[in-house]
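In the two assemblies presented below, subunit A is common to both, partnered first by subunit B and then by subunit C.
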Partner chain A sequence: MSLVKKNHASSGNADHRHLPRDRAGLLRQLQDASPDIRRWAALDLAAFPDTAEALCARLEQETGLPVREALLTTLIKIGGNAVVKGLMPLLRSEDATLRNEVIEALQQLPEAVSPYMETMLRDPDPDYRIFSINVLANLRHPQAPAWLQAVIERDADINVCASAVDVLAEVGGPETVPVLTGLPGRFDNDPFMQFCVQATIRRIQGHDA
Partner chain B sequence: MKRVLVIDDATTVRLYYRQILEAQGFAVEEAGNGYEGLEKALAGQFDLYVVDVNMPKMDGYTLVRTIRQEPAICAGPVIMISTETQPQDANAAYLAGANLYLHKPVRPDTLMLYVRLLTGERGS
Partner chain C sequence: MNPSEPTPAISAEEFRKFRDFFYRKTGIHFEDTKRYFVDKRLIERIQATDSDNFRNYFVMLRFQASGEELQALINLMTVNETYFFREEYQFRCLVNSILPEIAQRKGRDEPIRIWSVPSSSGEEPYSLAIYLLEHWPRVDEYDIELVASDIDTSILEKARQGCYDKRAVSHLPEPLLRKYFSALPNVQYQISDDLRHSVEFTQVNITDLSQMRGYRDFDVVFCRNLLIYFDDTSRRVAAEALFNALRPGGFICLGHSESMSRITPLFKVRKFPEAIVYQKPR
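Showing the complex of A and B:
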């Protein structure tokens, strides 16, 4: 019996690249039943930045992990306002894995995300505000500490403020300490908030982890 | 001494649970995401897992589902604690295999009540 080792990646590539690679063809293949065809279509659509909306729509329903990875790779490559506008609503998804993927994608688009951050942090849904704060954790944007301080000063939800405090411990400096000290009082000196603020001030001042 | 694995991406939240649990005589280990949590769960013997829902790399639901499929650790009790308060969030936690779903922030006495209940530890 002879054993033939299949090279799935290269054969898939060769097969699927015989299909039309124009914009319309790739958008059609994005809905194909074969995950391999969808994956290659998602990757090749990077050449067509105006397909961001269709890519985001596909991401919302896509269940194949390699296809999702390809969609996110292409969306990050395309970048810009259309991608951010397409990804933002996905933070409301019931799918926690998708939400995390979207958070990680948005973190890689700091300049495109920044015009929307103020709106995201004022969303009526506290969970959405927390996910937006999670985006800030690794956004590497110079305005991140100021956005977080504003949340700490105005937000009425204890979990939103606690999330902002936790991220501020990573991205803030000693100048943020005065904003933190008044926070427990806004929440009836809740023990969790008291602990968060004390621990964060110690972290910012470099006393412990 | 009973051992608890705390899995949450927020450092202050992990420190908060650690402080509460250690003050009551529990040994605590921490993980900052689901993957790290799974690695530590598989490497050590824990009497309880305290798991956040929204974490990078692997979310809490996926972690708990994976724990329930691993013969060596599947019997460990799990408390999921999240900011999400909708009934479907609790349902998702129980479907994943959690023993209990609590909302953040959790008061120390509430946490200890359920930790003792699930670990069979009377406490110090």
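Showing the complex of A and C:
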């Protein structure tokens, strides 16, 4: 025994997938009782970008962690408007894990998310606006600071503004400082907001290493 | 290209265009800070292929049916700096903690499969072979299959030949150098035929799901200092591919600056005395 050399494919089971890999077959397998079959269906559906809606629908009800991860990987690979449109409603889910997964997925789709960001930040539900700000926290998009600045200029909800201020501490520049300075006045100089704004301005100006 | 002609320059827009293309093909993303590194190699290939400028070269690169030029460029763009017994604490972890756990649930007739990716010029898989032979007391009780893969075909050829300079072997204890290598002229060392024949070298792009279909049922994967070259999306795809490649309960060792937890929750963190590694749930 000891070290032996074998062909890599033949010594392991090359592929466990024996079911049809066409679009219709994969969509059926996405609902299969076996998590392994659902996971492979989710991964292989990356070849069919028009299945984004079905993948998002499955994500909403899927409980198996590896299957959820496969669904998210495929959705991020597919990208584009259909994926963003399918993921956006899931930010309203009561399931915090799902919401966080969706936030992380949207963060990886900056170009596709950008046309929707303005609408997301004007949603009537303040929680939804906060989750949209969470998306902005790690969105590689040059407009992120401007979107956040607009939020603190207009949003009437103190928690939404505080979330935006928090993210601006990371992504904001000196141009944000005048807008930040005026913010506590919109909330009767609320002490919590004053504290948030001062801390953020210190970080932007580099006084708080 | 005539040697008297000026060296072609790569504009910022051309750099971005190339970067996007290369990323789509390989999953490897170059930050702006890598501009000099990328430009230098692009210019080298533009000249080597007698292309007049970036535009002509890029058209050829994109549409060449054989893909030969793309492979040549991948070979140039990937970093292959490594040496024997690099980050040795992980090999200690393998023989002291990981393999004993794997052996506990293995029948004697079942092989233990170990995969080194990216294997570069072979230092890592050969280090694994030496470490197993020297430090795992149960090495003779099992068939151990060592597979080593890289995206770079020229470096794989070098790995198969197994010839190294003094720097590559400088961390090896002298008795092991004498035992497993033969000295060649010009201070070169060639690894023994027995070891060269014990490792299967293959070419693979781990972000390509179709290429990865043949890679299954590994007990341990060493995937060190590869994911740092990928962007978030490619890291996710690679993590899924590594998950697929492992047996339930199998382990993955990353480079010391890498963390699987930052990429995906698919794996469990295992803290062994020698190292932190990641495990596919059983």
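Keep in mind that, in the parts below, the second predicted complex is superposed on the first by the 192 of 209 C-alpha atoms of A that agree within 3 Å, B and C clash if a C-alpha of one lies under 4 Å from a C-alpha of the other, contacts with A are read in each partner's own complex, and residues count from 1 in each chain.
Note that contacts are C-beta pairs under 8 Å (C-beta built on N, C-alpha and C of every residue); 3 or more make two chains touch, one makes a residue touch a chain.
The structure presented is a predicted model; accordingly, all values stated were derived computationally and were not measured.
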Name the contact category of A:Gln108: first (subunit B only), second (subunit C only), both, or neither. second
Given the touch rule stated above, what does A:Cys196 touch, subunit B (first), subunit C (second), both, or neither? first
Which of subunit B and subunit C A:Ala54 touches, first, second, both or neither: neither
Where does A:Ala150 make contact in the superposed view: on subunit B (first), on subunit C (second), on both, or on neither? neither
Tell me which partner A:Leu27 touches in the superposition: subunit B (first), subunit C (second), both or neither. neither
Determine where on subunit A the residues touched by subunit B overlap those touched by subunit C, and list them. none
Per the touch rule above, subunit B residues touching subunit A in the complex are 10-13, 15-16, 19, 53-57, 59-62, 83-84, 88, 92, 104-108
Enumerate the contact residues on subunit A facing subunit C in the complex. 1-9, 11-16, 43-44, 46, 65-66, 69-70, 72-73, 76-77, 108
Within their complex, subunit C touches subunit A through residues 111, 113, 129, 132-133, 139-147, 149, 195, 197-200, 202, 209, 213-218, 232-233, 236-237, 240, 243, 264-266
Subunit A residues within the subunit B interface of the complex: 94, 96-97, 99-100, 103-104, 126-127, 130-131, 134, 158-159, 162-163, 165-166, 169, 190-193, 195-196, 199-200, 203, 209
